[in-house]
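One chain, chain A, links the two complexes that follow: it is found with chain B in the first and with chain C in the second.
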Partner chain A sequence: MTVWLERHLPKMVLAPSFIAILIFVYGFIAWTAWVSLTRSRLLPRYDIEGLIQYERLFAAPRWDTAMNNLFIFGTLFILISMALGLLLAILLDQKIRTEGAIRTIYLYPMALSMIVTGTAWKWMLNPGLGVEAMVRRWGFEDFTFDWLVNPDMAIYTVVIAGVWQSSGFVMALFLAGLRSVDEEIIKAAQVDGIPTFRIYTAIIIPSMAPIFLSAFIVLSHLAIKSFDLVIALTGGGPGNATDLPATYMYAMAFSRGDIGQAASSAMVMMAVVFAIVVPYLYSELRAKND
Partner chain B sequence: MTDIPFQPRRSNTSRLFLRVLLYVLIALFALYYLMPLFVMLTTSLKSLEEIRTGSLIALPRDITFEPWQKAWSGACSGVTCEGLRPYFWNSVLLAVPAVLISTLLGAINGYVIAQWRFKGANLIFSAMLFGCFIPFQVVLLPMARVLGIMDIAGTISGLIFVHVVYGIGFTTLFFRNYYVTIPQELVKAAKVDGAGFFRIFWAIFLPLSLPIIVVTVIWQFTQIWNDFLFGVSFSQAGTQPITVALNNIVNSTTGVKEYNVDMAAAIIAALPTLLVYVVAGKYFIRGLTAGSVKG
Partner chain C sequence: MIKKSVLAVTTALSLTATNAVFATPEVEVLHWWTSGGEAKSVGVLKDEFASRGGEWTDMPVAGGGGDAAMTALRARVLSGNAPTAVQLKGPAIQEWYEEGVLSDISAVAEKENWDDLLPESIASHMKCEGTWCAAPVNVHRVDWIWANAAVLAEHDIEMPTTWAEFNLAAEKLQAAGVTPLAHGGQAWQDATVFETVVLGLGGPEFFQQALVDLDEAALTSDTMVQVFDQMRIMRGFVDDNFPGRDWNLATAMVINGEAGFQIMGDWAKGEFLAAGKTPGTDFLCASTPGDGFLYNVDSFAMFDVRGSDKEEGQMLLAELIMGQNFQKVFNLNKGSIPARTDVALDDFDSCALTSSNEMAASAEGGSLLPSYAHGMALRGAQSGAITDVVTAHFNSDMSSQDAVQMLATAVKNSM
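Our next item is the complex of A and B:
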């Protein structure tokens, strides 16, 4: 008996966590997938009706706005964060005397809640008393910067705040990458008289491809899940102008009482995440096991 | 790579110019990142009158701590006017147990997966890892029902449960990746000496684990303290965590808009994680990079 126990103890210790993951991750995904195929409204129903929820979803103008916004926000957020992160990493890589302190400053927004970030930028970007009023006070009477309340531009304020929050983190990733490039190669290039700029573009940056990939994965994951930032910054408004899939899903689940729509939009979000993450995870795990 | 000296053929003046330009750029970016914090802090110390008449970036003329007092114990969200204080303690009561439980589970799971390999252990690990990536929207609806069935809907215990369940994946990942670097001979030798599964964990592995425990605790604390999605979905009046209360105060539509109180409240909500970051930034960054470059 004790021998049996001793042999199976590790499995028994792992079992509760594994069962929890099976139920609360995989079981719940299955539940959501099932309900997304039914006519559920305020209460879930379990008789499968086919793809009607998805048809409703793709016909809904609000979902259309949300997906468009995700595309605009995601593209700009990822590109700008990466470009800025790389630039900052290269600047900090030039033997800066106060590097530690500067790095701390660049990275601290990552420790903040998106709600705090959203609240801060909402205050600074409000046209009445924020940046617009400040510049007007300087004497530029016609200056307008009303993106926060302008339905066509509001999504870009989400990009501004999102980049502010995440670019320092990308900098940290890239800086670690720059420091892991083989010094011998760089020294050899320097001896050959290759200019610094060329050393970066031709040797260092190409060798950091895996870091670009992981930065891309993390940023796209952040973009798709973006919820709190929009809620705090614009509340999805003006109107529905800054809705994202996550806010659409939340509205359907908890204020509109439309469980079918909530489930189907959540499934689409998951599909988007997996389309990006699964190939990456798969290659990572395979590389590990080989 | 630590340094790329500028090209020797450049003249001294152009070298100096580039160096100055570099520092100016770095300082400008530092200003960009510090600006919002500076504006929050100064706004929180101004009276409403001064906010209306002064510039966004001006220093406060008459420093007042009234907004802070109000944010802490008097600001209104909806019908109640108790400030952030009760919600701050909600978040503490939520974060402390959730962080401890998920860290402990992660440690023991990581220990099993890395050191007591059995058939299927890698598959289980992959399954747990996969769970880290799902957008949580996909589990919100069933979780709301299950919390109701378990009779912990709208309670802090319910939120602790949710954070533990969806934190296990990450904590297991952290500890597994740490323990996998410890040679397996250690366990074998301890077994020969008659030590059992738990004895080896408590006496050998836990004492070795301080760095990864710090990384995991900081990661989990930051995640849970800053969480909004679970908080807003699974709490009710009175049990909301601080992020939800902050959002309610800022977006409360009753009465005059008190920007100074909003900013003080935002800083209060941010202080614990900021403090952790300033004190243990090294571990914070390690968690971030370990959590992102997964596997």
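Our next item is the complex of A and C:
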């Protein structure tokens, strides 16, 4: 009995969560895929009609805007967050005295929800209330910083708020990575008289490649599923200038009673996530098998 | 074993329920009237219902202008347990009817003579293939233009009666450093202004063709190009800080004299009144330039329910919603006018009286039209597609010709 239990206990303990994930993640992905092939409007219908919803999706200019915005936002958000996070981590790594306090300060934005971040930045970036109004009151009458209300620039305000929120988290990841580099190698390099800058670029950063990859994966899925930040900061506006795929999907599913369209946009979003995650998983798994 | 006893208990319960001579009328009402004045108005209905011996279960779902409530409704309907009555309006009622979940309340409607009490075009929204399936609560007028009387007097401006006059008045205000048009850059507000311009420049017949029948020739016509030209002009009358502003903040700009005009439905009146302003002296209300009347009618759709207590509750609720007392008290609170035309309007203000008179006149002249921006004329997918184009045009430097082409494509794509 005990032997039997010993052998099967792990499976029995894992089974409920396995079943739950099977149904609530993969089951509903399959359901969404099915609905995306139908003409569902207000309520889901199950007669398959082919790729009509995808044709509608790719013909919609608003979806084009959303995908372009995802590209701009995703690229800038990931690059700037990583660059800033790395810089902060390296500066913090210089064995300074109040490191603990400073690290906490930089990490704190991560504790806020995106809604709070978005609302705070909405007020700061509002030309009539925030930065622009303040600088003008200092006497610089011609100062303009109206990105939030300028349809061509509004998406960059989302980048600013997103980077503010996430760069501290990336810094923590990199800091852990910096600390894990073998002290001996660094000391050896120092003995050889190699300048600190070279030590970072030639030894430390290359040995942190896995950390870069994890940071990239975490940031890219944050970017793709970004929703609350845009809703709080710009509400998707001005016009539809800061629509992202997730806000498009929400509008279709919950405001417009167009479930088929929402399902097809969800499937395309998932394809984008897969395009990033699958190569990562592949390389990870292959490395383990070797 | 457990299953069996549950079954026994439920049979026993249902036996006692059917054995009772008078079942207590029961309703469960899903709505999103949760803000101060609105909640008070629903309270009136609740009290009336209770005084007739009914049992009211309230199911308020706030948030998202009804989006959250619609999500709740979808879940309830899919699980086979729909609420008795749901705050729904316009073509959404027909959409739910097509899903086969609405009930027939013609018995009450015919007994109470709703056909004679309601304007024909409003009654048509309450019917599903000839049978009554919803009860109207109020009529909001959308095509209002509000103005600060002092600002207009100071710059010697009359209430405009054509869009050309409006443009002249606005230029005058702009030259004097006053924001001519208080506006909030949210898609539905852009759409509200757009539809009043369509009605004003195109006339009621054009409005019907373009925004109700979605006639392609009308959508791509020269008149529509002119409408977008006017929208481009209006964009110039708005202050720089407008994106994302809520409508009531725009109304506050008119109240404070920072702006001259606002184009908004009659719910804006509530903001003026709450600020202690008097219609006619402190602020002015008039229909936007042009003929016609755009209505936004709130109503309760009746869902299919089982059991005599619930059916009875549904009939009683429908009767009370259309009752004179509720129609009067509710609309006094909400700033709209009663849907039924025989309610005494002695306690209503001058703006409401104008609204009521013009509704009667336009109903006769055939220019009583459903508002597209507020989901009365079209289904969600189509009105959403139009709004996308309107707001994209208003917030960019798109040409009117491009906008008209995009409009026709978007409408086709939304079908």
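Just so we're on the same page, the second predicted complex is superposed on the first by the 267 of 290 C-alpha atoms of A that agree within 3 Å, B and C clash if a C-alpha of one lies under 4 Å from a C-alpha of the other, contacts with A are read in each partner's own complex, and residues count from 1 in each chain.
Everything that follows uses one rule, which is that a residue touches a chain if its C-beta (ideal position, glycine included) is under 8 Å from a C-beta of that chain, and two chains touch if they have at least 3 such contacts.
Just so you know, these numbers come straight off a predicted model, no measurement behind them.
J.: Tell me which partner A:Pro61 touches in the superposition: chain B (first), chain C (second), both or neither.
T.: A:Pro61 sits against chain C, while chain B stays out of touch.
J.: For A:Phe254, select first, second, both or neither according to whether it touches chain B, chain C, the two together, or no partner.
T.: A:Phe254 sits against chain B and chain C alike.
J.: Touch check for A:Gly235: first (chain B), second (chain C), both, or neither?
T.: Touch status of A:Gly235: both partners.
J.: Which partner does A:Val149 reach: the first (chain B), the second (chain C), both, or neither?
T.: second
J.: Quick one: is A:Ser207 in contact with chain B, with chain C, with both, or with neither? Answer first, second, both or neither.
T.: neither
J.: May I ask you to decide whether A:Val277 touches chain B, chain C, both, or neither, giving the answer as first, second, both or neither?
T.: In the superposition, A:Val277 touches chain B alone.
J.: Let me check the overlay on chain A: which residues of chain A are in contact with chain B and also with chain C?
T.: After superposing on chain A, chain A residues 122, 235, 254 contact both chain B and chain C.
J.: For chain A, which residues are in contact with chain C within the complex?
T.: 41-43, 56, 59-62, 122, 126-128, 146, 148-149, 151, 154, 234-235, 237-241, 251, 254-258, 261
J.: Using the touch definition up top, name the residues of chain A that touch chain B in the complex.
T.: 6, 9-11, 13-14, 17-18, 20-22, 24-29, 31-32, 35, 44, 88, 91-96, 102, 104-117, 119-124, 129-131, 133-134, 137, 164, 168-169, 172-173, 176, 178-183, 186, 190, 193, 195-196, 199, 204, 214-215, 217-218, 221, 224-225, 227-228, 231-232, 235, 245-246, 249-250, 253-254, 259, 262-263, 265-267, 269-270, 273-274, 277, 281, 284-285, 288-289
J.: Can you list the chain B residues touching chain A in their complex?
T.: 1-7, 22-23, 25-26, 29-30, 32-37, 39-40, 43, 51-52, 55-57, 105, 108-109, 112-113, 116, 118, 121-122, 124, 126-131, 133-146, 165-166, 168-169, 172, 196-197, 222, 225-229, 232-233, 243, 246-247, 250-251, 259, 262-263, 265-267, 269-270, 273-274, 276-278, 281, 284-285, 288-289, 292-295
J.: Under the definition above, what is the set of chain C residues touching chain A in their complex?
T.: Within the complex, chain C contacts chain A at residues 64, 67, 70-71, 74, 77-78, 92, 95-96, 99, 185-187, 190, 240-244, 379-381, 384, 388, 391-392, 394-396, 406, 409-410, 413-414.
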